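Heads up, the next two complexes both have chain A, just with different partners, chain B and then chain C.
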Partner chain A sequence: MPLQLEIFLEHLLNGLTLGALYALVTAGLSLIFGVVRLVNFAHGDFFMVGGYALFILLNLPWGAIPYPIIVILVTLIVAVFAMLIERLMLQPVLDKSWRIHAVATLGISIVLQNVALIIFTTDPKQVPTPFTTKIVSLLGLRLSVQRIIILGIAVLVFLALQWFVKRTKLGKAMRAVSQNRDMCQVVGIDVPRIALITFAISGGLAGLAAALIAPLLSVTPTMGLSLTLKGLAAVIMGGLGQLNGSIYAAFILGLVESFFAGYVSFAFKDVVSFGLFILVLFLRPQGLFGRRIGL
Partner chain B sequence: MTALARARPWLLWVAGGVLVLALPLQYSGGYAINIMINTLMWIVFALSFDLSAGHVGTVSLGHPAFFGIGAYLTALLGPRLGLGYLGNTLLSASLMALLALVAGVAFFRVREVSFAIGTLGAVIIAQLIANNAYDLTGGPLCVKGIARPEFAIPFTDVTLKVIHPLQYYYLLVPLVVFTIVLYKAMTSSRIGRAFIAVREDEVRASAVGIRPLRYKLLAFVVGGGIIGALGSFQAQYVTVVCPSEIALSYTLNLLIIVFVGGAGSLRGVLLGSVIFSVLPRLLEQGGALSIPPAYQQVAYGLILILVVLFMPDGIDGQIRRMTDKWHRSREVEVGEDV
Partner chain C sequence: MSRLRYLGFVMAIAMVLAACAPAATPTSAPEATAPAGGGGGTQAEATEAPQAEEAKAPIRIGLYAPMTGPIAFLGEGFQLGATLAIEDLGGEIEGHPLELVVADDKCNPTDAVNAVRKLIEVDQVDVLLGGGCSSATVAALPIIAEGETPAVSATSTNPGIYNEMGVGGNIWEFRVNPDDLIMAAAFASFMAEKANSIALVAENTDFGRGALSAYIPQFEALGVEVVSEDYFDLGTADYRPALTGIKASAPDAVLVVMTERDGSTFMRQLREVGLDVQVFSRGSLTSPLFLEYTKDDPTIGEGILEFSFWAGGVDPDLDQRFLDRFDKSNSPHRGWAYYATRYAIGTAIKNAILNEGEATREAIRNELEKVEVEIPFGTIKFDDHNQSYPKGTVSTIEDGEVRFVQFVELVPVEH
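On to the complex of A and B.
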């Protein structure tokens, strides 16, 4: 019996880690969709870019930088990267239909994946941090410090995001843009600037996710796609543009996947998560936590 | 002059038809004919996709499912039922049309982005099942040894076995013609105008008595059926069906063809299919200039972004704008002459 409990806790922890990964990715997708009505098919590739940034920073020729500083650097790098992408390629088409957005961001995704392929080849890159191999015992459960860091930071980030969107002036402006862009222009909100900041935050979240969670995986050029797909599923499950709803949905997906993979079948775990997504789509088209409008 | 101008579209079609029929005879090698078969297949695939995506405005990212499942139907049911080429094709087509009907009723409950991502989810599930249901599909080991089409020639004992790419090419032509004629007939009639009404504004369309769901389903079912038939052809052509036939990369290619060519336009989609199928092969064949796949993909992606930025209506829109300008400048000249 205790053994079974341990296995259960193990799957629970795996699910929460996976959920944190999906949630950080999904939050960025959800913000971009909510504020600028753009479905970003290149969002998972932002995570991939973060993964390679982490790989480079961990293997600098002149010795290692402390991991906390690396985390901040990777977050900033991907945030700036996302801003560049927005300014150069997406800003001119932001007022077009979502079909145009889909084609543009798919184009960006193809370019990013293949540039990564050319630079880094298909070999998976391991990015271990000092904490991935450090194990602590908790409640008779052996777990790596990296996982504890992931869960702790994820919770902090979501609380901070909550505060930012609800309380700060910038966050309020983002919510306003998400509800009615034209009126915002009328009252003097700089909509293009809000869009740019949204991309920066979204990219930063993807970068943070990469800096924290890529060490548990390995980095490959094509890793972004499946993340984008899971993230989009969570965004719609949570209710399009509902930031909190999409974060909850991401954790639900992570937990369901982890338990199904552990107890039933590893091969079919994605069938179940996408099946759950489609079920939600049919039963609650507005999403699990969907309201009609706004962030 | 005016008679010629009036006859021009017809002449173009006749010339195109002769070209399609005669061109493969110029090549003895299988490679060139393979490219041509590929081009025809993408024309059929993309036109079926464009019926929904370009005309009704419902962008399904799940169209490859019809292709892959259609191919699997032929691979798995074909030998058990002992159907010939026509039987296999019709079976795949009708079952995929049925699947499109069922999936359509379910997925058209949601719109736009949710619809696109929902259908994307469905195609991922289909691929995962094909990959992991070893008992049924053999998983990544594929279904092999699918029978090649045979035709008994009437009044003789001779059966014609389709083996050479050239034979396959001519076997595919009827499906291409059927698709183009059906596409043209649907989109240039009342149905086509209803499609566009639904695309532009569903609420207003229903206000004038056009039922959006009905037309969305019509385009989806016709497209699904045709793609099912195409999948069946593919199975009998390459004689192997793998899970990769239900690939997301097909969705990507469809988006590239339709949106770079010009969504909702026959000329645009035809141009897109030809360019997309021939250009990469030419790049590969460049010999000294041969470009590794990753660089090709980067070029694709950049083309996609540039088209979206600078030619939002695709190649077709660009051509239309240029010919409009030309016509206008001529009109002015004629006016001055008089």
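On to the complex of A and C.
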């Protein structure tokens, strides 16, 4: 294969894996906004909680658990954690204004980061899995098995979410709540329960993302921050509350960053991705795929 | 409320969240006063011995370094180094107990200014050590001059600091470590022997940019082709786009300017994309902490050639004492930096007391100018820019272990 074509394909592959990484974080953010109308600034901290859960489970004194089981456990732990946060801290303010939502989630984020600092200190924790150093090589393209897993699971998650919100009774209830919360209450849908389940799914997605992505990075109290920013940009670019749109936007961001960083400047890749975000806001304030609020 | 206003608010909050990120919770003791009697006793213990004869005023040494934030591990190591240095001096000089006061500069200019101002004005320190990072030191320079307090930096490598010190105007700042311009003159020649073309990757900080601005002219002068120049933010998750770009340029070598946390992620991904080139490093990739971060695959760092100063392995006895004292694998590597200031400051304080009767800030500064002392890394002696020229070091990772390779003589260069 000609070198330039190989490099192009490698940038494409990098962009897709980066997009998958953003998409896993974005999906949870978008779901929460779509159903509960809440921008969860603590979403990145759910991701961080998942990172530390992974660290603990990989270093249990009585021996390691197989990685696939750890992924499931981390997903469940963060799902339960998100439910607790919703029930104890956010449920009382869910019917309040967006300003209160913002302050509440911002406060939760700062508290979680500081608790993590106290417990785990700022020392980055490494969480390698058996797949991080296993490399697959095809036509000169090299990729770790961990990245292939991320890409594959991101696609599966995307398809599963589609099926869930469109085909299941619970998913339909979530869509209904996202479209008209008051009417749902009138017809007997248990809206607080739907909000709780949405938080569980969103937290589970953050936990799943952490269990898959953290092995490529290191775990620190602020690890979720930059991903949350990119996730928020993708949510808004895709159209607030548009689950599909935000996932497409996450992949667009990943691809733009990868090609720009590879061919133009690595230092300014964030300038370009956030520049693109601002451009979308100017040209299509409702987002690339936004027509209306709702799933 | 319009939808656009709402979106604007959301992103504004997101930016605030980003700005709040490196929260100020200490990992060790950011504002601690750490007096150093032998064995690291309490402040009371440190002052008891002199009290038996005549209570002499303590000499307060202020260290400003990153104690929280993404590179808090640097500050922790520096504190260990300063602590062991004071302990090795017996916790006192000429009967004056030594006290270490630590302030957190978070490795950023704003916090460095606050930390140094507090040390000078509130804690009334007699001499300053720090900062841990070039950005902090550059920001602290005017405060140090205004506060007329002698300060010794042992790790800031930004070349711009040289022109500020001594005859440059700030007579209070001294630097015992070489800067990147001094090191580049020697190390670029070393690299040119092994590579005709090179890709440069550095963290987007004063440290990273300062280093590359020093190396690029040297490479041009030596005929080494610079095929790419990339900068990354601290904590970057994915280096593959940059690495793929470097792969396309097919250089003979890569020079990376970064510390262990980012360096371990970068090196993992470098191996992942199959970039089979010589890796040179200016930062700290041949350290026990790097090995700890890559212990799942010790081959990740194999063959890296690191150019530095205060490298572990030069004085095995001292390395062992660090390990015995602190039980931290990385303590010799990090600790050496501010342990080294002992030779300059200890001598200056002692001479100030002997020659001028009292270790005032001015007396210590005057004696620092005259210091000439041999250390395992050569000689500490300041020129008219208050710059010292210890030997540079080359180290590597071989069979999963850090190995000291050789010293490199460093000489004054045009700044």
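The working rule: the second predicted complex is superposed on the first by the 293 of 295 C-alpha atoms of A that agree within 3 Å, B and C clash if a C-alpha of one lies under 4 Å from a C-alpha of the other, contacts with A are read in each partner's own complex, and residues count from 1 in each chain.
Note that in this section a contact is a pair of C-beta atoms (placed from the backbone, for glycine too) under 8 Å apart; a residue touches a chain by one contact, two chains touch by 3 or more.
The structure presented is a predicted model; accordingly, all values stated were derived computationally and were not measured.
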| request: Report for A:Gly262: first if it touches chain B alone, second if chain C alone, otherwise both or neither. | output: second
| request: Using the superposition on chain A described above, determine whether A:Leu106 touches chain B (first), chain C (second), both, or neither. | output: both
| task | Quick one: classify A:Val271 as touching chain B (first), chain C (second), both or neither. | result | first
| task | Scan A:Lys172 for contacts with chain B and chain C and give back first, second, both or neither. | result | neither
| said: Once chain A of both complexes is superposed, is A:Pro285 in touch with chain B (first), chain C (second), both, or neither? | reply: both
| field | Partner, of chain C and chain B, that touches more residues belonging to chain A | value | C
| task | Answer with first, second, both or neither: which of chain B and chain C does A:Leu232 touch in the superposed model? | result | both
| said: With both complexes superposed on chain A, which partner does A:Arg87 reach: first (chain B), second (chain C), both or neither? | reply: neither
| field | Contacts of A:Asn114 with chain B and chain C, given as first, second, both or neither | value | both
| Which of the two partners, first being chain B and second being chain C, lies in contact with A:Thr222: first, second, both, or neither? | second
| note | Where chain B and chain C land on the same part of chain A: residues 39, 98, 102, 106, 109-110, 113-114, 117-118, 225, 229, 232-233, 236, 240, 267, 270, 281, 285
| request: Using the touch definition up top, name the residues of chain A that touch chain B in the complex. | output: 33, 39, 89, 92-93, 96, 98-100, 102-104, 106-111, 113-115, 117-118, 225, 229, 232-233, 236, 240, 267-268, 270-271, 274-275, 277-278, 281-282, 285
| task | Within their complex, state which residues of chain A touch chain C. | result | 3-4, 7, 10-11, 14-15, 17-18, 21, 39, 41, 98, 102, 106, 109-110, 113-114, 117-118, 121-124, 126, 128, 132-133, 135, 137, 142-144, 213, 216-218, 220-223, 225-229, 232-233, 236, 240, 257-263, 265-267, 269-270, 281, 285-286
| task | Please give the residue numbers of chain B that touch chain A in the complex, ascending. | result | 53, 57, 59, 106-107, 109-110, 112-114, 116-118, 120-122, 124-125, 128-129, 131-132, 248, 252, 255-256, 259, 263, 294-295, 297-298, 300-305, 307-309, 312
| said: Applying the document's contact rule, which stretches of chain C touch chain A when the two form their complex? | reply: 3-4, 6-7, 9-11, 13-14, 16-18, 20-23, 25, 27, 68-70, 72-73, 204, 230-233, 235, 237-242, 244-245, 247-248, 261, 264-265, 268, 271-274, 292-297, 300
